[in-house]
Every structure is written in C-alpha cells, then in structure tokens.
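Both complexes below contain chain A, partnered by chain B and then by chain C.
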Partner chain A sequence: MPKFTLNGQEIEAKAGQTIIQAAEDHGVEIPHYCYHPDLPIDGNCRMCLVDVEKMPKLTPACTTLVNEGMVVRSENERVKQAVRGVLEFLLINHPVDCPVCDQAGECRLQDYYMVYGLHTSEISLGMKVRKRKVIDLGPMVVLDQERCVLCSRCIRFFDHVTETGEMQFFGRGDHVAIGTFQDRPLDNPYSGNVVDICPVGALTSRDFRFKCRVWFLHATDSICGGCSTGCAVRIDHRDGAIFRMIPRRNPEVNRSWLCDEGRLSFHELNKTERISRPLMKGRDGVQAPVTWEEAVRSIDARLKEIRAANGAGSILGFASPSATNEGLFLFKRYVGDQLGATQFDFRVDSEDKNVLEEEDQILRHFDKHPNSIGAIKLGLMSKELGGIDGAIEAARAGQIKAGVVIYFPPLVRRPCDEEVEGRVFELIDVLEYSVVLAAHKSEWQTAASVVLPVTPWSEEEGTYTNFEGRVQFAGKAIDAGGDALAVWEAFAMLLHASGAESPWMSAEDVFATLTEHVPAYREVTLDKTRLPGVIVG
Partner chain B sequence: MPAGFPRGREERSFAEKAGRDARAPRDTMKKPAKVINVRERAEGESSFAKDIFAPLAGMRLTMNRMVDNLTGKVNATIRYPEERRAYSDRFRGAHILTAREDGSPRCVACYMCATACPADCIYIEPAEHPDPLIEKYPARFDIDMLRCVFCGFCVDACPEEAIIMSRETEICAYTREETMWDIKRLMSRPELPEFGLGYRPNENLVDSTVKFTPKHKEKRKLAGRVTLKEDVEMIPHVTFDPTKD
Partner chain C sequence: MPALPGMTKILLANIDKPDQASITKYRERGGYKALEKALAMEQTALIDEVKASGLRGRGGAGFPTGMKWSFVPRNTNKPTYLLCNADESEPGTFKDRILMERDPHILIEGMAIACYALNCHLSYIYIRGEYEFVANTQQKALDEAYEAKILGPSVMGKDFALDIFVHLGQGAYICGEETSLIESLEGNRGYPRIKPPFPATHGFLASPTVVNNVETLAALPWIVQNGAAAYAAIGTEKSKGTKLFSVSGHVAKPGVYEVDLGYPLLDFINNEAGGVANGRKLKAVIPGGSSVPVMTAAECEGVLLDYESLLKAGSMLGSGGMIVLDETTSMPETLSVIADFYAHESCGQCTPCREGTGWAAKILKNIIAGEGKPSDVDLLLKIADMMEGKTICPLADADVMPIRSFVTKFRSEFEALCKS
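So, the complex of A and B:
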C-alpha cells in the first residue's frame, strides 16, 4: 500500500494503482480523455499530465504507477500550462458545433476549457480541417468525425469489451478520423456504450438525438428493469417523461456498461395505454371504474367469502418477477398471512431456470425480469404448482377458485411474449374471481373481476434482487398518472381493509419490515442497497 | 506585461486619463475646522420677508410653465397614432427570427434562448436538417408574447444571430391564440418598414448606413414615423414553411 503525496496531501494508494486511480479514490479529479477505469490504459491524450518531483518531464497520471514516497502535483502552473496546451491543440480543428451538438452541457472539452483553457482561438473557421459529419453507424449511434479528439476509447471498447474490433483510426496526422470499415453499421448488442464513453460529441445516441438539452434533465439513480442482471443505471427525465438511461458504474455487476436492449427498455412504458382507475365487474359482468376504497373493500370481502366456502387453498397468489421486493413482500403478507393462501407462483415462462442463464458473456441474462430471485427468496414459488401452466390446470380442475395476479410485461420484448400473455389470459379466464394488478391496458384484463392500476418500474422506488442475490435500490423517476398506486401501497390498503396492521408510509418502511421478517434479508439496511448493492443469503 | 511598461489608452484608468491622482481627496471634500450649530445658522438665515417672498420664485416658475403649456409653446403630448415617438436603435420590441439567404431560418434550435428566457416563454422543437453542415433546425419555434417580458436575453444568448428584436410595439390581437407567435409569424414581418429594427447583436448583420438617433428635445416634436430604407432592403419578407423544407 504505497503512500504518496498528492498536492500536499498524503494519500495511501492500493497496490498496483496508477496516480489517476489513486487520485480518483480520494476525490481529486485529474483531467483526462483517454483513461477509462474499465478499459485498458492508453495514455495518448496527454491531458492527465502531472508533475512528479524528480521526474524531468511531466508524466501522464494514467500510466504512472504509484511509488512509495512520490510527490505529485496536479494543480501547479506547469501542469495547468500543459493542459491548456493540449486543449489548444485539440481545439484547433474542433468544429464550432456546440449549438447543434448533443453533448453540450456534458462535454469534457467544454468543461475543461472553462476551467483550464479560456484562451482565444487563433484559427479562423476557414482554416480548420474538415471531415465527415452525421454518419449513421447503425440504429444506435451517429458519428461525427470532426468532433473526435482521437482518444481511442471507442476502439478499445470494441477491441476489449465486445471483442468485435469494429472501430479504428483511418488516415494520418491532421486527417486521422475514427470510423468503421466502409461505414458498416455497428451491429453488436452493446454499441450504445460507445456513446457514453465518448467524451465529446463525436459518437452520439440516435435514440436521444435532439430530444432534450441535458441541462433540462433530472437524474435518478435506479436499476435497469430489463433482465435479471440488474445493471445500475441513471434515468434522465424531465416533466414526467424519461428521455434516456445511462449506465452507472458498478464494478461488481455491470462495470460501466449497459446493453442496448436495456438502454431502450424505458420506451416500452409508453407503448400502450395505461389503466387510470380501478375497474370492477358489476353484476352485469361489465367492468366499471370505482374508487380504491370501494375496490379494496369489495376484494377483501369477496376473497374471505371464497376462503370460507372453499378453504384457503383455493386462493392463488400469482406475483410478477418484475415487481419490487416491497410490493412482493406485502403481497405475500396479505394473500399468504392474512388470507392464508398457500399456492404461490410467479413463473410465466420458466424464469426460475433462466434467471441464472446468461445470454452472453458480457451482461445479459435470458430472464427478462429484474426480480425473479427476489420472488423466490420471499417464498413465492410453490414447487407443486410448476408455473402458470400448473396454476391453469389446478384452476380448471376446480382446486383454485380465486386469484390475485400481479402482471408486468417484460420491458425487453422477445418474440415469445405474445404466447406468454396468452397464458395469463387463460389463467384469468379460468379463475372464477380474479384480482389483477397491472400498469398497462391489455385485452386479457377484460376477463378479470377487478383490475387495479399499479406503478411499473421507475415510477416507485423499491429494491430488486438480481440473479446473484444482490439487492439493489432503484429510485423513483417519474410520477404515476391517474389513480395508480405502487404495488406495496395497494396491498397496504388491502391489509388495512382486512383489519390487519398497516403502518407503512413509504417503500423504505416496507423494506425495514421486510428485513425483520425475511431471514435472507436480515441485517440489510436500505443504505447497503445503494451502489454496489449487497448479496443476501 | 512587465510592470512599468507603458500601457495603451484602453488600459489606463479614468483618473490617469484625467491627469490627476485619484487617491488624493478633492478640495470640496475637505470639511471646515469649526463646529457649526445648525439651528442657529438656520435661524439667522431666515426672516419673515424671506418666508413670504421665497415661494413666489417657485410660483413664478410654475406660472411660466403653465402659460407655456396653454399657449402651445411646450407640448408634451403627441397625436398618436399619426405621430409616434422615435425609439432608440437598440429598442427591444417584438422578436424577429432572421433568415439565411435561401429563406430558411438561421436558428439551429440550440435552446440558448429558451434556457436564458426568464419568463419561460420560448418553446422549440428541433428537427434534423438534411444538410450535415447545418444539422439542426427548429420544426417549431413558439414564443408566448403575453408572457414575454421583452428583456432581450434571448437575443443576448443566441450564438447564431438568429433572433433579434424590432422596434415594433403594437402587438395586439383579438384572441389569445394570436398572441402565441409561431415561426411563420416570427419570420415574416410586413410591419418592419414601419417600425425598423431594434435590439440586435451585430450592427453588421443589418447594414444600415444611416443611424437615426434623435436628440433629446427633438423627440417630443417628432411627427410621422421612422422609416429606414436600408432596413427594408436587408430583411426580406420571407414566409418560412417547415413542411416544405
């Protein structure tokens, strides 16, 4: 553990760290372009030059390992002049595209110029080297060769992370340009990451292009709801609409990457209409809007009638592996503890087998639900039932009369999804009395006795447990519309209507109760579920 | 620059230019040595006669001005709308979106104006421009003229000199909808010759060789409208149709 001095402050670095890494760990920002914690070190941008005592020249902090007793200065005049010089060179041919460039507001050229540069350009616009602009590199990425600062992050990403080697430098000297061979589109499922790592506006997102200026966006830390990997994301939203998702760095789950499917998964929330009010089937068999109080009282009364007539075993609790732990916990408490049901399941498609199966070596899993393991750990998988097919059979046989079903369609669509929804339709059809909690309208809901609108991913905070049992906290980004409540709120109301204790005022309260009652989550506090999350037993 | 190096005209302070040492106090700032009892001084200076006749000097001024007004020698009112006040060159009136030579808007939908606007009255929807050198143009550019406070921050913020202001102040409408100006209204300005250009960042954008700056007293007597022929020629009467781009 070498100790060294950085800007007069004594710092202890980990073994094998470079100066820039040690500085980052202690909150000192050294300007850089080509360095990235999850990519191999290049050292070509020369922005991270620092002054190390006894070294005759400035040395790049990203390639220099920390030695015991080093004295490093990153904020003296010599270093600032060097950084300003690098910026001057970069800005010689950089186009004055800020008004039209999407990166404005989060561009490291802009940011470093305001801190270190502030020099006047001596190059007139006519003298600048011109390159090609607005090149489509596939459905996710737009390339502008003029704006590139030649840091080679994208090249290293495709060489070492996806190992497809799609981008490369072409040309020499002033005319070096980044690109793919013959402008071929990037067709690998991680191409969107290159937009995040590009420090300037050379590679921009086609999906986010021109949608919103970044300074208007609010950021919420969350977890991707696309599959059971549970990558840490940041949701950028404004005025109740999500504009994009950016990966957050979680070295233990997704490093700095996010797959393209997950990146675009938020669009799924807007594709169909939402259920705005609770619907209840009246005597005439037609669903009519009611208030939450009426719906909840009616549900509780009816389920208790069915229990009295047919026993607690006739009630099915069918959860969704896309709901949060808080929602599933109160679901189990109401349907299981309060009503006494013993038949639980959540598998619509064999999630329990897929949850550990990796779709590729980098990030994705086949299970496109974020909380399957969470459902298993809360005891929502009865071995006897065997998934939704088993539930349908039991219902046909008359063993199950009523069901409380939470269903959120996956945010990452696959071709088999329609068939899967068909099975849910069958289940609701077959059940005599069914309570459905869903967010989006769908035809199979017309067969349900009661439909309650609940909030899907990103509209309520909660925790998700990923494939390896890691509990992670996802924040609330946008407000639910209409009368929709969170899943935990719906069951808190049902518990209250049922006469049980219902003291929770927030998802945090529910999580606290969860950690007391579920053995696997003992000793986990909400703080521990923030980045990087904690693995539960 | 090394110390003591002779500095240019722009770099000397006002005091240096005035040829005196700004740090030395002026004579008027020196107070007299003796202590003055202000009540005694006031009593000594006033008298009954002064109390009667001093206001008369004020009354004379008032009477003179009243007579001037009655005889028409001085007249503050102008006969609006046949006569109008002349506004300064940088007057902040209604906005104009300037055009390139081919008639399309200069605006690249960078949102500087919308961000700078303190009244939040600019709404822009960007679209992809087919020319990669321009890349972005506004498919919609709406200004809510009722919320606008005419501060001119949008003109200050614009990097492309795409939005300027004119000296037009007569923005009236029968319906609220007419006060929401869209890009067509902002670009086509048939009233421009009447009112002239106002607040704009770069004089060279509109090459008006005649600068009309009325003197203080002339403003009141001015009859008729201010028309600058040069203004009319420089901003063509374009109508921009985003659907026909």
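So, the complex of A and C:
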C-alpha cells in the first residue's frame, strides 16, 4: 500500500494503482479522456499529465504506477499550462457543433474548457480539418467523425469487452477518423455502451437523438428491470416521462455496462394502455370501475368465504418475479399469513427453466425478471405446484378455487412472451375467483373477477434481489398516474381491510419489517442496498 | 563514396568494389570470418566486447549498443528477437540503403553476430516500404547465406539455428520508432507504445526484443574481427568509431561518407564534401536529419562531428543525414517543407503531435504564400512549446526542433513574409 504525496497531501494508494486511480479514490479529479476504469489503459489523450518529482518530463497519471514516496503535483502552473495546451489542441479541429450536438451539457470538452481553458481560439474556421458527419452505425449509434477526439475508448470497448472489434481508426495524423469497416452497422447487443463512454458527441444515441437537452433531465438511481442480472442504472426523466437509461458503475455486477435491450426496456412501459382504476365484476359478470376501498373489502370478504368452504389450500398466490421485495413481502403476508394459503409460485416459464442461466458471457441472463431470487427467498415457490402449468392443472382439477395473481410482462421481449401470456390467461380463466394486480391492460384481464392497477418498475421505489442474491435499491422515477398504487400499498390496504396490522407508510417501512422477519435479510439495512448492493444469505 | 584519407574504412570498405553483393566475393575479402570467431566465443563475452567498443546506436538516438543488449533478460522461457531497423525515413538520411544495396552481407554478418550474442534464433529486417528494390537485393543475399549454410538450422555448422526474414513496411516514418516498428511487424497500426515496459523485456510478441539500426549492426563484424580496443581507439572519448554521413543539399560532392567521429564539421563540408556548390556562401547546416536543430554557418565554427560536440553546439548528431544550405535558401520555405513532412507522418495517436504538427504546417503554408499574420511567428513557437515533451514518442519533439531553431535563428525572414 504505497504512500505518496499528491498536491502536498500524503495519501495511501492501493497496491498496483496508477496515480489517476489513487487520486480518484481520494477525491482529486485529474482531467482525462482516454482513461476509463473498466477499459485497458491507453495514455493517448495526454490530458492527465502530472508533475512527478525527479521525472524530467510531465507524465500521464493513467500510465504511471504509484511508488512509495512519490511526490506528485497535478495543479501547479506547469501542469495547468500543459493541460490547457492539450485542450487547445483538441479544440482546434473540433467543429463548433454545440448548438446541435446532444452531448452538450455533459461534454468533457465543454466542461474542461470552463475549468482549464477559457482561451480564445487562434485558428480560423477555414483551417479546421473536415471529416464525415451523421454516419448511421445501426439502430443504437450515430457517428460524427469530426467531433471525435480519438481517445479510442470505443475501440477498446469492442476489442476487450465484447471482443468483436467493430471499430478502428482509419488514416494517419490529423486525418485519422474513427469508424466501422465500410460503415457497417453495429449489431452487437452492447453497442449502446460506446455512446456512454464517448466523452464527446462523436458517438450519440439514436434513441435519444434530439429528444431533450440533458440539463432538463432529472436523474433517479435505479436497477434495470430487464433481467435477473440487476445492472445499476440511472433513469433520466422529465415531467413524468423517461427519456433514457444509462448504466451506473457497479464493479460488483455490471461494471460500467448495460445491454442494449435493457437500455431501451423503459419504452415497453408506454407500449400499451394502463389500467387506471380498480375493476370488479358485478353480478352481471361485467367489470366496472370501483374505488380501492370497495375493491379490497370485497376481495377480502370473498376470499374468506372461499377459504371457509374449501380450506386455505384452495387459494393460490401467484406472484410476479418483476415485483419488488416490498410488494412480494406484503403479498405473502396477506395471502399466506393472513388468509393461510399454502400454494405459491411465480414461474411463468417452463418449470425446469434454470433461473440462473446466463445468456452471454458479459451481462445478460435468460431470466427476464429482476426479482426471481427475491421471490424464492420470500418463500413464493412451492416445489409441489410446479410453475404456472401446475397451477392451471390444479385449478382445472378443482383443488385451487381462487387466486391472487400479480403479473407484469417482461420489459425485455422474447418470442415466447405471447405464449406465456396465453398461459396466464388460461389460469385466470380457469379460476373461479381471481384477483389480478397488473399495470397494463390486456385482453386476458377481462376474465378476472377483480383487476387492481399497480405500479410497475420505475414507478415505485423498492428493492430487487438479483441472480446472485444481491439486494439492490431501485428508486422511483415517475408517477404511475390514475389510481394505481404500489404493489405493497395494495396489500397493505388488503391487510387493513382484513383486520390485520398495517402500519407501513412507505416502502422503506416495509423493507424494515421484511428484514426483521425474513432470515436471509436479517443484517440488511436499506443503506446497504445502495451501490453496490449486498448479497443476502 | 570513399572513406576519407587517413580514416578507417569499417562500413564502406566494400562499397566501390565490383560484385560486392555476392557472397563469394564477400568471403574472398574476409567476409564471415568475424562470425566464425564470434561463434567460438561465450555469448555474454561477446556482449561485453560490444560494450567495450563504445559502439552507439547509429539510427539517431546514440544509445550504447552493448548496454541495450545487456537489458535483455537471459533466463525467461520466452524467445528473444533481434529486429533490424531499416526503416530509414529521417529526411536527409540515405546511408542504410547504401549498405543494403551494395554490401548486403555486411548486414547479415552483423545480424548473425548480434543474434548469437542475444541467443536469438528468429530475426527480421524491417525495411521501409519505399525500398522495395533494396529489399530485393537484401533478400538475394539472404538466399545466398542460406545456401552457404550461414543461416538456417546450423549456422556455420554450429549448434545454433538462425532465420532472418525481410519484412517490408508500408511507407510510414513513424514505423522507424522501435515500438511502432514492433507494432507494425505484429500486424497492427504503427502506433508507438507506452514505455515502460521496454522492448528489452516486452517487445515483439511480448517477448524480449532488441531493435538495432542497419549501420549499428554493420559495424559488428569489424569490431569482432579487430577487437573492441581497436574500435575504441577511433573517435573521441565518448563517441567511438566511425559514422556514416549522407550529405545532400548545396554541396559540390553529395553522397555517403564514412568519417571518424570527432572530425571537424566545416572541414568535412569544405574539403571532403567539396564545399558549398557554385561558389556560394554557407548559410545553414542541418547536421543529422531534419529532426535536429538547424545551425547557422557561424554556429558551425569549431564544431566537431561527434555526439557531445554537436549537443553542446545546440544541435545533435542524429542519423547523420546532413543537409547543407547556401545563401539563396529561403528558411521559411525550407521549414514549411519540413513541417509538411511531420504533419504527414504523424501517426495521430496522441493529441499534441496529431494536432500540433498539422496546425504548424498549415500556418507555414500560409506564411510562405504571403497570407501569414505577424502573430503567426510567435504562434509557431507557442505550438512548439505546447507539443514538446508531452507525447508518447519523440516525433512531436522532432518537429519542435526544426520549428524552434528555424524561427528563432532566422526570425527576420519569417517576419518579412508576415507583414500584413
């Protein structure tokens, strides 16, 4: 653990760290373009030059290992001049695109100019090198070669992370341009990441193009709801609409990356209409809107009737592996503890599908639900039942009469999804009495006795437990609208209507109770579920 | 292209003889005897001998050759590579081609000696792409060497295998930088590498590698045959041996000369090189390739042709590519030609060189076209300061030296063109 001096302050670096890494750990920002904590070091931008005593020339902080006793200065006049020089060099051939460039507001040329530059340009516009602009690189990425500062982050990403090597430099000197071979589109499932890591507006998102200036966006830390990997994300939204999702760095789960499907998964929330109010079938068998109070009173009374007539074993609790731990915990408390039901499941895919199976070597899992492990740890998988097929069979055989079903369709679509929805329809159809909690309208809901509108991913805060048992907090970004409540709120209301204790005022309250009652979560506090999350037993 | 009277012919001994390229003639003149002698020595003793000779790298950097060889670890299980740098692209330099064209076996013998010392069994000659005809001659000589069993599984009958291949570059000055050469040889873009690690430990294919210039390797047969002491007896205290100078420009007798290090610069120009042509006056000299600072005629007084003396005079020995300029020379035009070269050859990897060389070249084009602003003169110096010492490889510094020296020493010429 070498100790060294940085700008007069003695700090301790970890073994094997470079100056830039040690500085970052201690809150000292050294400006840089080409360095990235999750990519191999390149040292080409020369922006991170620092003054190391006994070295005659300034040296890049990203390539220089910390040695015991080193004396480093990153803020003296010599360094400031060098940094300013590099910045000036980067700007001489950079197009004056700010007014039309999506990167504005989160652009490292702009940001560093305000801190280290503030110089007047000494090159005439006519002398600038011209390159190609608005190059279509496929569904995710738009390329502008003129804006590129040749940091090579995108090259290193495709060479070392996806190992597909789509991007490379062409040409020599100040005519070097970044691109793909023959402008071929990027079609690998992680291509969107190069937009994040591009420090300027050379690689921009096609999906986000021209939609919103970044300074109008609000950021909410969350977890992707696309699959069981549980990548840390940031949801950027404005006025109740999500504009984009970008990864947050979690070295334990997704490093700095996000898959393209996950990145765009928020669009799924707007594809179909929402259920705005609780719906209940009247005597005529037609669903009509009711208030929440009416709905929960009726539900509780009816389920207790069925229990009295057929036993608690005739009630099925079918959860969604996309609901939060908070929602699932109160679901279990109502349907299980309060009503006494013993049959629980959440598996809509084939029963023997391996929840932990990886779809690729980088991030994705086949399980397109964020909380399957969460459901398992809350006891929502009875082995005897055997998934949705088993539930349907048991219902047909008359063993199960009633069901409380939470269903959220996956945000990352697969061809098998339609078939899955068909099975959910079958289940609802066969049940004598069914309460469905869902967010989006769907035909099969007309068969349900009661439909309750609940909030999907990003419209409620809560925790998800990923494939490795890591529980992570996902913030609430936008409001659901209508009469929709969070899943936990719905069951809090049901518990109250049922005469049970229901003191919770927030998802945080529910989580606290959860940690008291579920052994796996015993030592966990909500704080611990923030980045990088914590693995539970 | 004779060696100068009274001086030793080490490198150019065979240049003017007929059929020099043939192995038969080479052996008749005593060729490959040095290799035979070397093969009988201990490898480490051979390295010590080269150290003792004081031989320094002749490509331009002047690094002591024996010391460079000793940096190679001998106990790894990785192969060691010797790469001959025949990229010869420094403007003004045309000395290596003479050796490869006229006396290719001297290079083969030198390489074989070096490979034996380094325990290298696979070696490459990286020849600049524009030298295809030179490469053909070199390859023919290699074929002869294989036939004579000088190369192959058993060098001169000894238990030592050696293969030497010619590899043609594709026309990039930057590939003369050793790590860039290695990158190119590996099939990548010729981008220099960050050092450390150094090629001695992590070079070609991540293995110990030595990169030596053609001229450096060509000196080895004589050193082995005559002994380190004999070589060290030539030259000055710190600049041992002889150096090839390729002289061009406004001289009466341009060409390649072999000079004992320490010989006076002006004597060389005025006597051996025939003096400034057409009876004109000397204005400036670039002693060692365009990357070294230009010297005014006055600054040349008393300067000797060796590493230390030229450094003290504010310039460098460099590659020995000497360009002589007379009084009719426009220094801004000359600098513009030079700046164009660096802008064209910059690989583009790092910011200061990529942008700075291009910018400086554009400014100079404006100046010589009469469209320069008075502030452009200081702007050139500012660009030089911004580039210097901040890049991955010295190409930017190689542009800084001429820009700074030309503008500073001949400022009035630049200012005259910039009157708005």
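Methods note: the second predicted complex is superposed on the first by the 532 of 537 C-alpha atoms of A that agree within 3 Å, B and C clash if a C-alpha of one lies under 4 Å from a C-alpha of the other, contacts with A are read in each partner's own complex, and residues count from 1 in each chain.
The definition used in the following text is that a contact is a pair of C-beta atoms (placed from the backbone, for glycine too) under 8 Å apart; a residue touches a chain by one contact, two chains touch by 3 or more.
Please read these numbers as outputs of a predicted model, since none were measured by experiment.
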In the superposed arrangement, which partner chain does A:134 touch: chain B (first), chain C (second), both, or neither?
first
Touched partner set for A:98, first chain B, second chain C, both or neither
first
Partner chain in contact with A:58 - chain B first, chain C second, else both or neither
second
Between chain B and chain C, the one with more contact residues on chain A is chain C
Looking at the overlay, does A:44 come into contact with chain B only (first), chain C only (second), both, or neither?
second
In the overlaid three-chain picture, which partner chain does A:150 touch, first (chain B) or second (chain C), both, or neither?
second
In chain A, both chain B and chain C touch residues none
Which residues, counting only chain A, touch chain C once they are in their complex?
41-47, 49, 57-58, 60, 63, 82, 85-86, 88-90, 92-93, 122-123, 127, 129, 149-150, 168-169, 171-176
Per the contact definition, I'd like the list of chain C residues that touch chain A in the complex.
172, 189, 194, 343-352, 354-359, 362, 379, 385-386, 389-392
In their shared complex, chain A is touched by residues of chain B numbered 108-112, 115, 126-128, 132-136, 159-160
Chain A residues touching chain B - in the complex, by the definition given at the top:
97-100, 104, 132-134, 209-210, 213, 215-216
